[in-house]
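Letters A, B, C and D name the chains as they come in the text, with residue numbers starting at 1 for each one.
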Amino acid sequence: MRIGVLTGGGDCPGLNAVIRGVVRKGVQTYGHEFVGFRDGWKGPLQGLTRPLGVPEVRGILPRGGTILGSSRTNPFKIENGVEQIKNNLAELGIDALVAIGGEDTLGVASKLTDLGVNVVGVPKTIDNDLGATDYTFGFDTAVNIAMEAIDRLHTTAESHHRCLVVEVMGRHAGWIALHSGLAGGANVILLPERKFDIDQVCAYVEKRFEIQYAPIVVVSEGAIPDEGDMTLQSGEVDAFGHVRLGGIGQWLAGEIEKRTGKEARTVVLGHIQRGGTPTAFDRVLATRFGLGAIDAVHAGDFGKMVALRGTEIVRVPLQEATRELKTVPVERYDEVEVFFGN
Amino acid sequence: MRIGVLTGGGDCPGLNAVIRGVVRKGVQTYGHEFVGFRDGWKGPLQGLTRPLGVPEVRGILPRGGTILGSSRTNPFKIENGVEQIKNNLAELGIDALVAIGGEDTLGVASKLTDLGVNVVGVPKTIDNDLGATDYTFGFDTAVNIAMEAIDRLHTTAESHHRCLVVEVMGRHAGWIALHSGLAGGANVILLPERKFDIDQVCAYVEKRFEIQYAPIVVVSEGAIPDEGDMTLQSGEVDAFGHVRLGGIGQWLAGEIEKRTGKEARTVVLGHIQRGGTPTAFDRVLATRFGLGAIDAVHAGDFGKMVALRGTEIVRVPLQEATRELKTVPVERYDEVEVFFGN
Amino acid sequence: MRIGVLTGGGDCPGLNAVIRGVVRKGVQTYGHEFVGFRDGWKGPLQGLTRPLGVPEVRGILPRGGTILGSSRTNPFKIENGVEQIKNNLAELGIDALVAIGGEDTLGVASKLTDLGVNVVGVPKTIDNDLGATDYTFGFDTAVNIAMEAIDRLHTTAESHHRCLVVEVMGRHAGWIALHSGLAGGANVILLPERKFDIDQVCAYVEKRFEIQYAPIVVVSEGAIPDEGDMTLQSGEVDAFGHVRLGGIGQWLAGEIEKRTGKEARTVVLGHIQRGGTPTAFDRVLATRFGLGAIDAVHAGDFGKMVALRGTEIVRVPLQEATRELKTVPVERYDEVEVFFGN
Amino acid sequence: MRIGVLTGGGDCPGLNAVIRGVVRKGVQTYGHEFVGFRDGWKGPLQGLTRPLGVPEVRGILPRGGTILGSSRTNPFKIENGVEQIKNNLAELGIDALVAIGGEDTLGVASKLTDLGVNVVGVPKTIDNDLGATDYTFGFDTAVNIAMEAIDRLHTTAESHHRCLVVEVMGRHAGWIALHSGLAGGANVILLPERKFDIDQVCAYVEKRFEIQYAPIVVVSEGAIPDEGDMTLQSGEVDAFGHVRLGGIGQWLAGEIEKRTGKEARTVVLGHIQRGGTPTAFDRVLATRFGLGAIDAVHAGDFGKMVALRGTEIVRVPLQEATRELKTVPVERYDEVEVFFGN
């Protein structure tokens, strides 16, 4: 078989480990050939390829990012997009595709399957918000980076009697905030799943100042207060009457200063959460996903994606990938509240 | 309630996170009181205690080791041991115990439960070889430390055309070798679960030298060759006629040199695998184990231990902890063989 | 002797190592007694003390921040400030002070010396901008944190064809940008010492996009363009006609996007550069500074501060600490330009 | 000009950064051409080359090891070795060589200079034992790795009441032990420069056990007791009447157990100290060495090597590299003794 591989959406530590797993087992165990498609669905759409054999995947296991490049191109939003993809796949003699990506990339994969393209998916979301799998690779790396940043900030918070607000990734699901906040010993954790009461946050902050040292507040970029409109852009006036000059982290530090009279500072971790070498957990998971994906291709089990359930790699229908967002359940959030304000 | 807490067996990153979770929720949510027992079962046996309240668990989340100290004392091997424990618990007014430890510590816990002591267990094994739980804390930290060492050794192996043998923990189960070898891109992985053929190992080593650079061999301390007696002590003559001057790692490097004519060196990671600050995975798991354990105590659900199943913390009978060793299943080992010699 | 110790100004990895060095040698070698003053000069001003002996400095070597707390209080800006300090020192029976801090803290130390207070200084500036010493502790840690962030960002820049702007500390001196940019393989480095031409920056960015992947631009927080007024606050309209919504990093990414048509993102490292455990370089330097400071106190050599010259710890007059800012010399900046745009 | 580059001796983090600095500035600033010689002096001896231009040095800055390979080949120990080198250089049209290596590699460079070959040297010794330069690259990385290992071991030592002996690199000079022991808070540090008294070591160990927790002993591989013959091989009987089963670290742990009755364990860090990505200090120093070396070549200033003096890169005669070993001076060792046994 001749198999195309592509990576779509935001980059995520472990993508290269998946690619390596797919190619190594595909070539060595099954004798398949591979074509690398560049920049997500843009690759098959425009026929952009690069060589992809065992030599190309040497040494990429520990490297972040993706050697194939990525994009957010959606062929269903481009005129004749699907036709072009089918033509290019035929012309290149591609029998099957391994598509590694998130909701959007796998949504395309799912629809293409219905249109007769042989696709196997590998789920990728650094936010860990895909319902069909216990964990996605990249998440553990992001959580560790955020935790190490929080570890560092504790000593600054202590030395300066200053509240520190750490804004982490998570637009719709708060898993990174939950796990990094729990692991880093945060005193307040705010998630998109539950609107927060700014007065309650300030009460926690003040309580912590009384007990010992200064608090660390960890907040998902998508967390929102229960009043006011946090969909405002930077520069606009919010419902509290203040000009917004940044994301939720900036806003929170401003409010905490005004309401408690204590100094507060914000750190926005941003892109450093998604770059760099993956943790062992993510390298193992990504490699196993790659091996599982090529097994599915070899078995002709298309329209599926690989997933982790407990400690096993299983196959689930591609539609499951896009069915629903896996948000933090209420009991997991309740579980950590014992640490708030303390 | 007045609750005693103890940690037994080898130290493991995450022990302090468990203790903190138990105490924080126990005091703040349930209003319980705590007594710290020192040095495992030696503590209740000899009545060695230390104060254990919220102030004592501040700042211990990121710290390796255990603030309670540890030992391998087994009260069932000491005359009147059980009686002494019962007397001491009564005298100290202890209503229940949280015992954090491995097979031995939980084995004692299980037997004490049968004798009327209220115990809840928290499983601890850095080797991840407890059947009743998907993962134990400390394992992820050990795997990351080993992986980082392997990452470092790759460049040395390449620059010097030298085979490097890395001996990692794992007397009876090869999980650390399997995961760190997979994550580190090892070219051969040897586990206690499957006797290895030294000729096959050398064939992999030679193949790798031909293809590219020098190989990395990751070996569990408990791995054994299919011929010869590796239970020999350092200094004795082994079945291959050589004086054993160290563990299996030393032996392997010697054999590889003799049989392939290539230079080989050994690194024995030893104690650095079990010390230091836990990873985020281990801090989250350990904290959740702690919260789950105090919930069990509060519910009066004794004779149980907490365990991870998928993403959930569940309770299982203490006997399960000791029922069987969770070794690496054959399919997990077969899975990684595609990377051998390449 | 009875000796007071204080730490002033922004926190910096290594402060605790200095305190430990001072106290350990002071007590064990010389038999002195110590008093910890809290929160910089506020401590002697208000008589805020805490115990400071060998037990208090156990385990603090690897910890960031300062166990004594810090502040920017300047007794010369407070009515009767100096008198209060003198009275408090007399009342507490303090024979000499060790003052650990930057330009401001040591400026106070220098003036107090002239007024008859026995002070020995230890220089502290994470920006490494003190002329009298080759290096200050904390700088190496900050540079390593920034470098690791840049390492991580390379893979994201490559995968997404995106320019990444990294804003690092350095208001008046660009040492952190210079060293972290050099160590991280940045494609452009911008410092406060040399106004930059935004067109030249964009030319480098475009050149790099042509050659390979996407560029990383490292910029000191105090860097300024050669036109326009970068002293503007966030929210104001700058000389380029754009509303400023953040620091120089944000501004640069905006300009690069507008001028080159390429996507650009900013990461502001902020407080994570100054927290956390110090590197070996900083622990060794800080410890040696501490040992050197107590030697100076014991020798009665007041009005001096310790400094590093080559590999030696020497004593220099306290006035030198404040005499001039050590900025990046033109030849060091020219040296790195060979890497720009490439 | 056409310039050859080679790396000799043991690998060391920063070698690739030197190569990159040489090539980038050589090509871009001066317009020179480069030839990579493989495996140290073996390369010019046997005419083993590989391409070396700007594309070949992309991305190597953060990588440990050397892309050119290394060996300990000495052409002066091979018949007609020098003649062969001269012939090969002439045949390949090489005008000058940049030789990166330690005492041996630079010794050859020095002698070849006397025989009319144009060589500029770059000093490399992970042990930091070259007299002509304040620091060599690789040393800072090794010290940080050792320090991180010691940090990890503290928690194990505490939890188990066990003495831990850490054997680090340093056959003839104890810089790595001195700096990592100081940075890691070791309770005893033993160097090759000063024979140690095993009774004194045991006294420190016992004192530390009394004061608090368990001690960490850091020992250079080349440290020797003041009695007995430590030049013995593993397996032989030493002057204390014990069979030697490993290096000095193993021996020390054995003696400590016998003499104090306390448990002791050894960790031999070995090759993990020399692999992997360099620290910022080493990347900056190595890059500056590379830039300085190509400046020297361009200026025709042969027979020199680059060196660090304070914060400046200077040129010194190649003979200085081999003149004398830079050992730890007595005052640096005395300086740290205040921490022994405490």
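Here is the rule we use: a residue touches a chain if its C-beta (ideal position, glycine included) is under 8 Å from a C-beta of that chain, and two chains touch if they have at least 3 such contacts.
Just so it is clear, the model here is predicted, and its values are computed rather than measured.
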Checklist entry - If you walk from chain to touching chain, how few steps can bring you from subunit B to subunit C? => result 2
Next on the checklist: Averaging over Cα atoms per chain, report the distance between subunit C and subunit D in Å.
Outcome noted: 30
Item to check | Computed distance of Cα centres, subunit D from subunit A, in Å | outcome: 41
Next on the checklist: As a quick test, compute the distance in whole Å between the mean CA positions of subunit A and subunit C.
Outcome noted: 34
Checklist entry - In subunit C, which residues are in touch with two or more of the other chains? => result 151
Checklist outcome for this item: Each pair of chains that touches is included here, namely A-B, A-C, B-D, C-D
Next on the checklist: Please output the residues of subunit A touching subunit B within their complex, sorted ascending.
Outcome noted: 24-25, 28-29, 54, 58, 61-62, 134-135, 140, 143-144, 146-147, 151, 179-180, 182-183, 185, 212, 277, 279-281, 283-284, 287-288, 291, 309-311, 335, 338-339, 342
Item to check | In the complex, subunit C residues that touch subunit A | outcome: 7, 10-11, 13, 15, 63-66, 69-70, 145, 148-149, 151-156, 158-161, 164, 234-235, 243, 245-246, 265-268, 270-272, 274-276
